[in-house]
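Common to both upcoming complexes is chain A, partnered first by chain B, then by chain C.
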Partner chain A sequence: MAVEIPTELEDLPTSKPHWIGREVKRVEDPSLVTGRTEFIDDVVLPRMLHCAILRSPFAHARISKIDTREAEALPGVLAVVTGEDALRWSYPAVTAPEGWGTHCIATDKARYVGEPVAAVAATSRYVAEDAIELITVDYEPLQAVADPFEAMKEGSPLVIEEKGSNVMLQRTFTWGDVDEAFAAADHVFSEKFRWNRVGANPTETFGAICEWDPMDLNLTVRGSIQSASNFGLGRVATFGLPSNRVNIISYAHGGSFGGKGGTRGTDVACLLSRKAGGRPVKWIEDRMEYLTAGGSQAWDRHYEASIAVRADGVVTGLRVKLVNDIGATGEGFGAINTAKPLAAFTGPYTIAVAQYDLTLTASNKLPESPCRGMGPPPHFFVLEQMMDIAARALDVDPAEFRRRNFIRADQFPYTIPSGNEYDSGSYEEVLDKALELAGYAELRRQQAEALEQGRLLGIGVASAIEPGVFDLNVYSVVGMQGTGVPEGATVSIDILGMVTVRVGFTLEGQGQYTLVSQIIADYFGVEMDSVRIAPLDTRSAPPSFGPGGSRLGVAITGAVLGACERIREKMAIVTAGLMQTEPANIELMDGRFRVKGVPGAEMTVAEVAGTMLARSDLLPPGIDPRPEATHVWTAPGRAPVDEEGRTKSYLTAAQAVHVVLVEIDRETGQVEILKYCLCDDCGTRLNPATVEGQTDGSVVQGIGAALLEEYAYDDEAQPLSTTFMEYLLPTINDVPLIEKVAVVTPSPFAPLGAKGCGEGAMHTTPAAVMCAVNDALAQLGTRATEVPAAPHRVWKLIREANEKPQGA
Partner chain B sequence: MKPARFDYAAPGSLAEAVTLLAQSGEDEAKILAGGQSLMPLLNMRLARPQLLVDVSGLAELDYIREQGAGLAIGAMTTKRALEQSELVKRRQPLLHAATVLIGHPQIRNRGTIGGSMAQADPAAEYPAVALAMDAELVVQGPDGERCIKAEDFFVTYLTTALEPAEILSEVRVPELPAGTGWSFREVARRHGDFAVAGAAVTLRLEAGRCADTRIVVFGVGDRALRVDEAEQLVDGEAPTSGLFERAGTKLSEVIEEPLSDLHASADYRRDLARVLTQRGLAEAASRAS
Partner chain C sequence: MTMARQVRMTVNGAACEGLAEPRTTLADFLRGELELTGTHVGCEHGVCGVCTVLLDGRAIRSCLMLAVQADGADVTTVEGLAEPDGKLHPIQEAFVEEHGLQCGYCTPGFLMAICELLESNPSPSDEEIKDVLGGQICRCTGYQSILRSVHSAAAKLGGGRSATGA
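Here is the complex of A and B:
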């Protein structure tokens, strides 16, 4: 049975939506703020043990001998595992690119600081940590590689010897006649950029309780898991189990932002459970484990970019060369971060041809993971700096320069050179509103005035695209296969008209349960309070991916609406039977099934549901009597990539313009944000409060990336950012008031016209802040090309600029 | 991140605490104050005492008193109490200004002045205040009480003149002479972080010329440093921006090579010391009379 998913609010069976589009209170919050929501560390199972992991202090070292006898003898210790157990009972991790995985415990050598070398299950975490101190490991330190250019050199130490090279992937994508565009250009501008490693830092680190049932050969993992079904498949592959013998129970978790990897620790705890005879083993990743060895790091990038520009300020071509240090293995799927830029390679601009020269290398650093935005944020940082470099050279105002190059509202749907299609947009309007909100002309005046007083102000105007609703298809260019990402929901109405929606994901913070309640309430004309959401384990849930890739809000809207449509059709048949008419004459409106054109001939949804479940005598023969339906939504019209990596991948393209005012202390190099304004367009705002929350959080994260956060390593690949004293997250004191306005250009393709908005401002903020920093530095004739723009770096740039002879 | 096994004692008096420490072998016992530095070290197993002597509950060490023209502050007085004390605000503005730069309210609620002095972090604010204010640190040990001047108390990175069985009981901060201008400035990566570099300055004006100038920089060496060469350059001169610039430059030339880390190179720290000294002198002069 094909169902049509409404793409407009007018298509809903309500005369006026009461809930959708309103800033309703989140249904998740009462339990969260009163501490009743259960997180994985709250869970205590009978006979549960606790795991501590012994980690390599060396970035690269052969392990010649491990002695665990003393640890095993410590009272309270039930099991100790080493690489031998991993070899016996598990397979190397599934990776992207393929074939770059190792076992969850180092078997022959350690490849990064923090790699598990052994682990203990004991009656408490304290005892477990005591026990790992009693394990002696003989290491033979090897030369480590911490730099991708060194890693690519002949004779470099190899991270995975069997691969014969540290190059994980090298590919050039060419879209259109790039050489011709650059040859014909009036101006070509080139620059190199460095984006240092940053990453997600959820409030809650990863945690899991693993239970290996030795009789039933069944593995149950409870945990703070973002995508339960994917996580389950990973364990299936790692342990070689039939897929119906792995059950993943996902708990509410305190954020993820891509950081809820946790697979290594989970697999270690699984091995321990098996060795301890099936007792459940809890592993809670502590913050230092997270920062050095968790799903914390992403985007370790070296860029070279060029743009071709016509004399009239139209950008005609873009070349980007990226060398990304992925770290020791491909297990964190950090590589997909480098594929996603294909979904928005040329940003909001009409740049007609482009080229992407992509190299992924291995090093003795932590394997990279996903991070909010997945990969375009550094790409847009580069693109937006290039736009400003060109604008400055041509003496065009940066806002005006962007306007000249924007895709116009009448050009949508618009296919970009790298193959993705943008659904809709009103980029100029968004720009105008952002400039108006910021008082752009006045800011420029202030800047000039400040300069006269010797103060250094900078204004950044940046625009970026947020590709929404990811598809696996584009990730195939780095080795992830598949087309379509199904998300399912089962909607059931009970005998009293109350609604339960069963889903395959759990709370992560973005308010999807609220969204589901809003949709059901408007669709069936009930109170939001009448809707309950039941998250199910992977063995019972409908197919689901869960949150990720600015996707779930749109996808779950599609799934829930699809299920509602199916119920409506079924109920229309039942009502038609009762009303002695044809189903075609029955319509659902404001919670009532009514006979078209016959006032008063109507039944409530609850009455129809009650009839279906309690009066079989009144039902049409052969009808399925459940007021229940499941719908599995996936984006329509997707296909695998062509030979240049082109495909329609992300269904929606949200856009934003951010305007930032900064002041730089020219003696200390400190950057202060004085004003932050933005306008964004993510289509229909199903719950404006949720969108705003996502935006605020994402701006903060972007400021962190631009000015503060950095996972640094020394030349021996020793991590230097191992606590929050070194990895600096923005606090409330570092964040300006964020002023926001919105434009709403609904998506013609997505359910209810809503676009993905979860990753949001992260796409634009680092670019915008750095545009502002560079607008200030341009007054001294210098430019920051490395993020974060930490004070010591800015200080150095200013100092070097001061030392340059005038006019040089 | 769980501490190794330790015993815990919460003595009911300072005397009892001293006895407990004296009975323990060297490096066996550790004093626990607010725990804001010690707890992370325990959790990382970088500190592994056999006994923790918790003095944070000792009311006899929790006070802010006038003592002559100065203040006597009990070692277990929290930073929050100092921040909120009218006495401190009025009589010790430099101490107050430094206090609000330490961490966040949550940290200041627990962290104590004694703990900060004893921790002797080279980038911490309080040791710099002690040096700039010529404070005295009162210590109780098995042999009774002794008084240590700030300049003798801070020895080097995380090391003080405290003997293993000694407890810091009081910090005595003399009054700022009338008309003294002061400044307390730092550059930190974020508000509430330890300083990348900082400067505490006091000076008076005598017939339009600087006098009794004290310049202390912190975050740039193995402990807070008082820099005589820069002070001497300022004393006796008219307070001009040119003078303060020269003093800053002098200071940055005479201090030893600062440390380099993730947040700052040695060169950057040295230059910050220059800038902060210069700005501090100007600010102190503007407050002096």
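Here is the complex of A and C:
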């Protein structure tokens, strides 16, 4: 049965949507605000043990001996595992790039600080922690690699000896005649940039309860797991189990932002459960474990960028060279962060040709993970600084410079040089609205006035694309294979007309249960309260990837609408049979199946459902009597990449313009945000309140990345950001009032015209804040090229600028 | 390891007792021994405020206090806010109406800190709210909606009702 998914609100069987597009209260909230929602650490199973992990204090060290006897003898300890158990019972992790994995416990040497060396399962976490202190390990420290350029040198210590090199991947993508564009350019501008490691840091760390059934050879993992199906496949590979013997049960999680990795600890707990005879083993990562050894770190990047510009201010070419330190292994899939920029390489601009020179290196730092935005946030930071460098040199206002280079509204769908297709957009309108909201001209006046008083103000105007609804296809360029990312939903209507929707994901904070309830309520003309969402484990759920890549809102809308359409078709046949007419004469509108043109000849959805469930004898022959349907939605038309990495990858392209006013304290280098305004366009806003919430939260994460957050390491690859005292998350005192307006340009391709918007402002904020910082610093003749622009860095730039002879 | 001992406290108005080793944190005691899992932990080193509860009316970090130190105290956790019939506390209502949460993991800590704030200052300014909530981390909301929630809660509680319902 071919199913058409409505791409416009007008296509819904309702005379006027009551729920979609309204700021409805979230169905998730009553349980969350009362502390009743069950998170993984709230779960207690019979006979459950608790795991603590002994971790390497060295970034690089051979392990010559481990003595676990004392730990084993401690009362309350049921199992101890070391690298030997990992060798015996598991395989090295699946990675991207492929072949850069190790076992979940160090087997011969430790490759980063925090790498598991041994672990204990005991009757309480306190006893388990006592026990790991009783384990003695003999380490022979080795020289550590903490810098990618050192790592690439001949003779550098090797992180994984068998690979023969620390270079994980080196590849240059060329899209169009880049040499020609640069040769023909009136101006070429080049600069180097450094983006230091940052990360997701949800307030809840990762946790899991692992249960290895030694009789049935079944593995059950409960946990705060973002993508249950993918996580399950990872465990299948790690333990060499048939895929129908691994079951993943995902619990509500306290945020993720891509940073809920946790696979190492999970695998360690699985080994412990096996060794403890199948007793469930709970592993809850503590914050220091998360910061040093969790799914916490991303984007350790060194950039060199050049743009080719015509005298009239049109940018004609872009070159980006990126060296990304991925860390000790490829297990965290941090490499895909470097592939996603292909989905929006040239940002919102018509830059016709581009080149991406990509090098991924191994080091003795923590393996990198995904993080909100995946990879474009640093890329757009670079691109937007280059746009400003050019604008400043040509003496064009930065807003005007962007306007000259925007893709115009009549050019969509628009294929960018790196192969992705943008669905729709109104970039100039978004710019105009953002400038108007900010009172841009007035801000410039304020800035000039402040300068006269010796104050240093800067204004940033930046624009970026948020690719929405990811596909795996583009990630194949860094070794993660696959095309197509499905999301399924099963919608069932019961005998009293109440609706249950079964899905394969759980709560993460974006309000998706609310969204599903809104759609069902409008589609079948019921109250939102009549809808219940049932999250299922991987053994029972329809195909699902879950949240990630700004996809779930769009994907679950497609899945739910598809299931609704299937039920509608079925019910139309049933109603036609009961009304003795043809199905084509039946229409659904406002919760009633009506015979077209015959007033009063109608049945409510509940009546049809009740008849189907109670009176199968009355139904037309051959019809499935259940008022239920499953639909699995996948973005249409995705294909593998070509030889230059080009493909249609992300289905939607949201766009935003942010205008930021900052003041820099000349004495301390402190950057303060005085005004933050933005306009964004993510198509139809299905629940405007949750869209705004995603925007607010991602602006603040972006401010953190631009000004505060950094995973610092010393030269020996010792992590220096191991608590929240060093890794600084933005607090309520660090954030300005965020003023917002929206433009709505529906996607012509996505269900109900909605674009992915979950990663949101993270794409634009770091760029915009840094444009503002540099607008201020330009008045001193200097420029910040390293993120975060923390006070010590900015202060140094100011001091150096002051020391430079005037006019130099 | 030292012997566990009996610890008694009043939690959400009810007399409770349980066993705690001297090193057991109040957070672990509430969550484990008393099975009150509404209080969460986010860092266990005193920075994030996720574990905030009220102890004798003051907002404290339950990850930084030992259960034995709280012996004899009067503790209020998020479980003590709503009515037994499920009617939400005005601060909880305000959070729902103003979208003051996304994942909700930080929310119990915020609610308890706001209880203390509104008890001592029934109509706080933005600055006063920021002063108190500067020690609570939320990674999801960007704080904008939390600020709105506090103002809305203050308005709901206006009329002299105490924030802790006492």
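Keep this in mind: the second predicted complex is superposed on the first by the 808 of 808 C-alpha atoms of A that agree within 3 Å, B and C clash if a C-alpha of one lies under 4 Å from a C-alpha of the other, contacts with A are read in each partner's own complex, and residues count from 1 in each chain.
Simple rule for what comes next: a residue touches a chain if its C-beta (ideal position, glycine included) is under 8 Å from a C-beta of that chain, and two chains touch if they have at least 3 such contacts.
Source: prediction; values computed, not measured.
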item: Most chain A residues touched (candidates chain B, chain C); value: C
item: First (chain B), second (chain C), both or neither touched by A:V499; value: neither
item: Which superposed partner A:L661 touches (first chain B, second chain C, both, neither); value: neither
item: First, second, both or neither for A:H253, with chain B first and chain C second; value: second
item: Partner chain(s) touched by A:S721 [first = chain B, second = chain C, both, neither]; value: first
item: Touched partner set for A:K796, first chain B, second chain C, both or neither; value: first
item: Chain B versus chain C as contact partner of A:T731, first or second or both or neither; value: both
item: Partner chain(s) touched by A:V632 [first = chain B, second = chain C, both, neither]; value: neither
item: Touching partner for A:D29 - first (chain B), second (chain C), both, neither; value: second
item: Contacts of A:Y126 with chain B and chain C, given as first, second, both or neither; value: both
item: Chain B and chain C footprints on chain A, overlapping residues; value: 126, 130, 286-288, 723, 725, 731, 733
item: Of chain A, residues touching chain B in the complex; value: 125-126, 129-130, 133, 286-288, 667-670, 708, 710, 712, 720-721, 723, 725-726, 728, 730-731, 733-734, 790-792, 795-796, 799
item: Residues of chain A touching chain C in the complex; value: 25-26, 28-30, 32-39, 41-42, 126-127, 130, 201-205, 252-255, 257, 286-288, 507-511, 689-690, 692-693, 695-701, 723-725, 729, 731-733, 735, 737-738
item: Complex interface listing, chain C residues touching chain A; value: 1, 21, 23-24, 31, 36-45, 47-48, 50, 77-79, 81-82, 86, 88, 92, 95-97, 99, 101-108, 111, 129-130, 133-147
item: Residues of chain B that touch chain A when the two form their complex; value: 1-5, 40, 44-45, 104, 187, 189-194, 196, 262-265, 268, 271-272, 275
